[in-house]
Amino acid sequence: MKKLETFGIKPHDALLKAEGQQWSLMEKLLLGLTLDQYIGQAFRNKLNWLLAIIFAIGIPVILYRFVFSLGSITHGSYDYPWGLFLGFGLFCMVPLSASGFMLGTTVEIFGRHDFEPIERLALLNGLLGYFFAVVYLLVDLGQPWRLSYPMVYSFGPAAVLFLVGWHVATYLSVQVAEVSTAFFEWIGFKRGYDFIRKGTIGLTVSGVILSTLHQGALGALFLYAPGKVHPLWYSAPFQWIHFFTSSIPAGLCMVICVSTIVIYTMKWRCDQRFIDNLDWITIALAKGAAMGLSTYLIIKLIAVAHDNEWAYLTTGWGAWWLLEIIGFVVLPLVILSYGIHNKLVGICRIGAFLTVAGILLNRLNTALIAFNWQLYQEIPHYLEFIVAITIFAIYVATYRFILARLPILYKFKPQAEE
Amino acid sequence: MSKITRRRFLAGSAAGGAAIMLTPAKKALAAGSFEGFPDGMGVLVDLTRCVGCRTCEAACNAEQNLPEPAKPFDDTSVFDEIHHGQKRRTTDKAYTIVNRYEPKDSDEPVYRKIQCNHCNEPACLTSCFVNAYKKTPEGAVIYNEKVCVGCRNCMIACPFHIPAYTYHSVLNPVIKKCIFCYDTRLKEGRPPACVESCPQQVMTFGKRKDLMVIAHERIKKNPGKYVDHVYGEKEVGGTGWFYLSSAPFEEVGFDVNLPKKPIIDNVKDFLAIVPIVLTVWPALFTGFHLLATKGKSHGHGDDHSHDEQEGH
Amino acid sequence: MVNASKQLIAGLGVLMLFAVLSASCYAMDYPDEVEIDSLANLYEPVVFDHAMHVDATESCAECHHHTTGTEVINEYCAKCHTGTVEMDAVSCQDCHSADPVSPENLHHPKPGYSYHNDQPNLKAAYHLNCLGCHQEVGGPTGCEDCHVKTEAGDKFYRSGEFAPKEPAHSSEH
């Protein structure tokens, strides 16, 4: 795309062409390029080649799973019923997608319209994260075609998973509605856009409710397994608070990470407003993340004190826990604070990447590594890794596809400029 | 306050209300503590009697029409099998398993039979989001395969590592576990196949409350023979099957750190906040919105009519 | 296989020490051999060498509790059964019901139930008694040391010609 720009070719970014005609859908999909131009740039893109390799290996494995059962691509472990698909796919993707409700709240509820340039990116990040968490879930469920059972057929309302299921489903629709404004703009459906805009506050408030509950509920799921999760990662009164508070820095830092990647790899798609505002927004988001992270750290320590688990710190598990807390909570907190204090965007970004890594580590620790700590540790089947990576690659490809087209990083103009 | 503000306020409340309705009867959850059905049946398992003949495994296999085992049921080499450092456990092909243990202060090995313990307040049941599980008045914890989605949350929840899953089924993978021979025997008041087949009467079948008396009498009548504890009397809220042992329970494979309260009690703290969030959040955040945007525009930057709205 | 286990249970109903009808073994009026055939489905009947066991034990009470008129050994039994009175019921099945959890037994406990509420069933009475002693004194303890498995038994235990054909593999990976 960069190369094309040097030839003076600009991507589609407005309702009408410079000459005043409508864009056709095909032209929109091709970003306003000709087919040859589009294919040319697609082949030049190295990421496409990487994705192609992953898909070539991974998609057959996914099909294999559905033809030959879940047991054919996993160890089929009775002691580790939840593997990578849920451990990573559900428990990591959901907190990293908390950005939607937080930026939605900031802009719509608290009226901080100066955050608008990033709002849609945060909403999209939320939507795609949830959507792909559900994709992971569908691969993991024994009978994915029964996914609707808890919704319509057989209710288990006392179960935390019931709450998670309902909330993720409802929240997903809320997010679809929130992001649909960008889509309606893009296809030029003004009435749909106006309709959704009217309900923004309602959508945002229900987003906050649903998010608070299901982010916490994901933690509460592990409350069913006292004894199985190592005490340092388990706390009956605090588990849901841990998961909820940590989702705040997780979501904010994920937006910083995505915007960093975007500004380095897709700058052509960002408009001046996004580019000009990104630095101060990054620092502001980092500020929010740092506050969330310090709250999380304090509650984490309170939980250890409350359950009096200090003795565990001297064990091997304690060392592993300290690594997570010091290396992936305290350290990013220090880095973020330094970056915020000195207004260094790059430092904040490093802190954000570290925070995201810390959330991944925490969720994987709770769901897999420190799970069954008294039994044995299981390394998932290699095909399970391949499927997990493939779905993540589909996520990346979808993310990029949408960012390149819908007015997420740029503001839709009434008419293209010459 | 302008009209728009009011309307938005109502929209917010409505969304909150909708959210409440979408999460039906948050519960039954505060169901209190359920002590089990008064006439529920149970089984007293006396480990001191077990000689590891595995007849119960064979009887279970026959009664439940389970697939052929890997080794004959009279083959005791299975006691030496170790997977991931663990002794054998229940699977989708074997609902009960006998393992051999060598406690520190005993010359003789101790054998322990595992199967579903049929908890009074089962963790599997409370964790199931399609309500597939049921605790019957007869005392069995049974489940409905027809609604099992395959989330395997019950396997996470079971403190005894009992439910297994037919991972290798393509079209109909489901949970599999001991059901106290409910369909074929318990319903008619007969003991399960394993109990009946046991040559040593390791297992005594009867009303749970009667058996509990017998269990404590056995401890009293045989001073020094048993550890003074009935495993399953209080563990996780009480189990339908409970155990007597001559060796410390932790040395014969039991988890002695389980809470005395039902597993669901751990989750109740969280479930209690659900209605609070559902009712308080809409008001709270709509309030924030009104405060934060007071005297400011209620419009939106992306909104092209933004400038016209400035007047409110 | 369901059938096999049912027959096993049915077999329990068959009384075993059919030769033990005399009132007293104390008076040396006891059978020398007893054929026990309650498990005769899964196992061949056991020919129990009663005479040998009489010689090998010091007192009838080691097996027969307080029923034969010898001094009562078990302290718990001795609390009530102090005298050396011969009972009418001597053979195992006279007291040990084959099926103590049958509905009638559950709901109509026998007299003296409160002290005999934890009585093993007949099959267990044999095995607990025999095997318990064998373990202590070093007698044979393997199942087939005492009774020979029948074809139905092989089928039930999936052994012998009914053994799994596949090389043994575990269900776990």
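We just call them A, B and C in the order they show up, numbering each chain from 1.
To be clear about the criterion, a contact is a pair of C-beta atoms (placed from the backbone, for glycine too) under 8 Å apart; a residue touches a chain by one contact, two chains touch by 3 or more.
Computed from a predicted structure; not experimentally measured.
Here B is the chain whose Cα centre lies closest to the centre of all protein Cα atoms. Two chain pairs, A-B and B-C, are compared here, and A-B has more C-beta pairs in contact (counted per touch definition above).
For this pair, chain A with chain C, the centres built from the Cα atoms lie 67 Å apart. Separation between the centroids of chain A and chain B, computed from CA atoms only, is 31 Å. Centres computed as Cα averages put chain B at a distance of 38 Å from chain C. Looking at chain C, residues 172 sit in touch with two or more other chains.
Each of the following residues of chain B touches two or more other chains: 91. Residues of chain A in contact with at least two other chains: 76, 78. The residues of chain B lying in touch with chain C in their complex are 49, 51, 53-55, 58-59, 61-63, 65, 68-75, 81, 83, 91-94, 108, 189-191, 193, 196-201, 204-206, 214, 217-218, 221. On chain A, the positions that touch chain B within their shared complex are 66-72, 74, 76, 78-79, 81-82, 105, 107-113, 116, 120, 141-144, 146-147, 149-150, 153-167, 170, 181, 197-206, 208-210, 212-213, 216-217, 219-228, 236-237, 239-240, 374-376, 378, 411.
Contacts from chain B toward chain A in the complex involve residues 8-9, 11-12, 14-16, 18-19, 22-29, 31, 84-86, 89-91, 123, 126-132, 144, 147-153, 155-157, 159, 161, 163-170, 172-174, 255, 257-259, 263-264, 266-267, 269-271, 273-274, 277-278, 281-282, 285-286, 288-289, 292-293, 296-298, 300-303.
If you check the complex, the residues on chain C that touch chain B are 1-2, 4-5, 8-9, 76, 101, 103, 106, 117-118, 120-121, 123-124, 126-128, 131, 135, 141, 143, 149, 156-160, 162-164, 166, 168-172.
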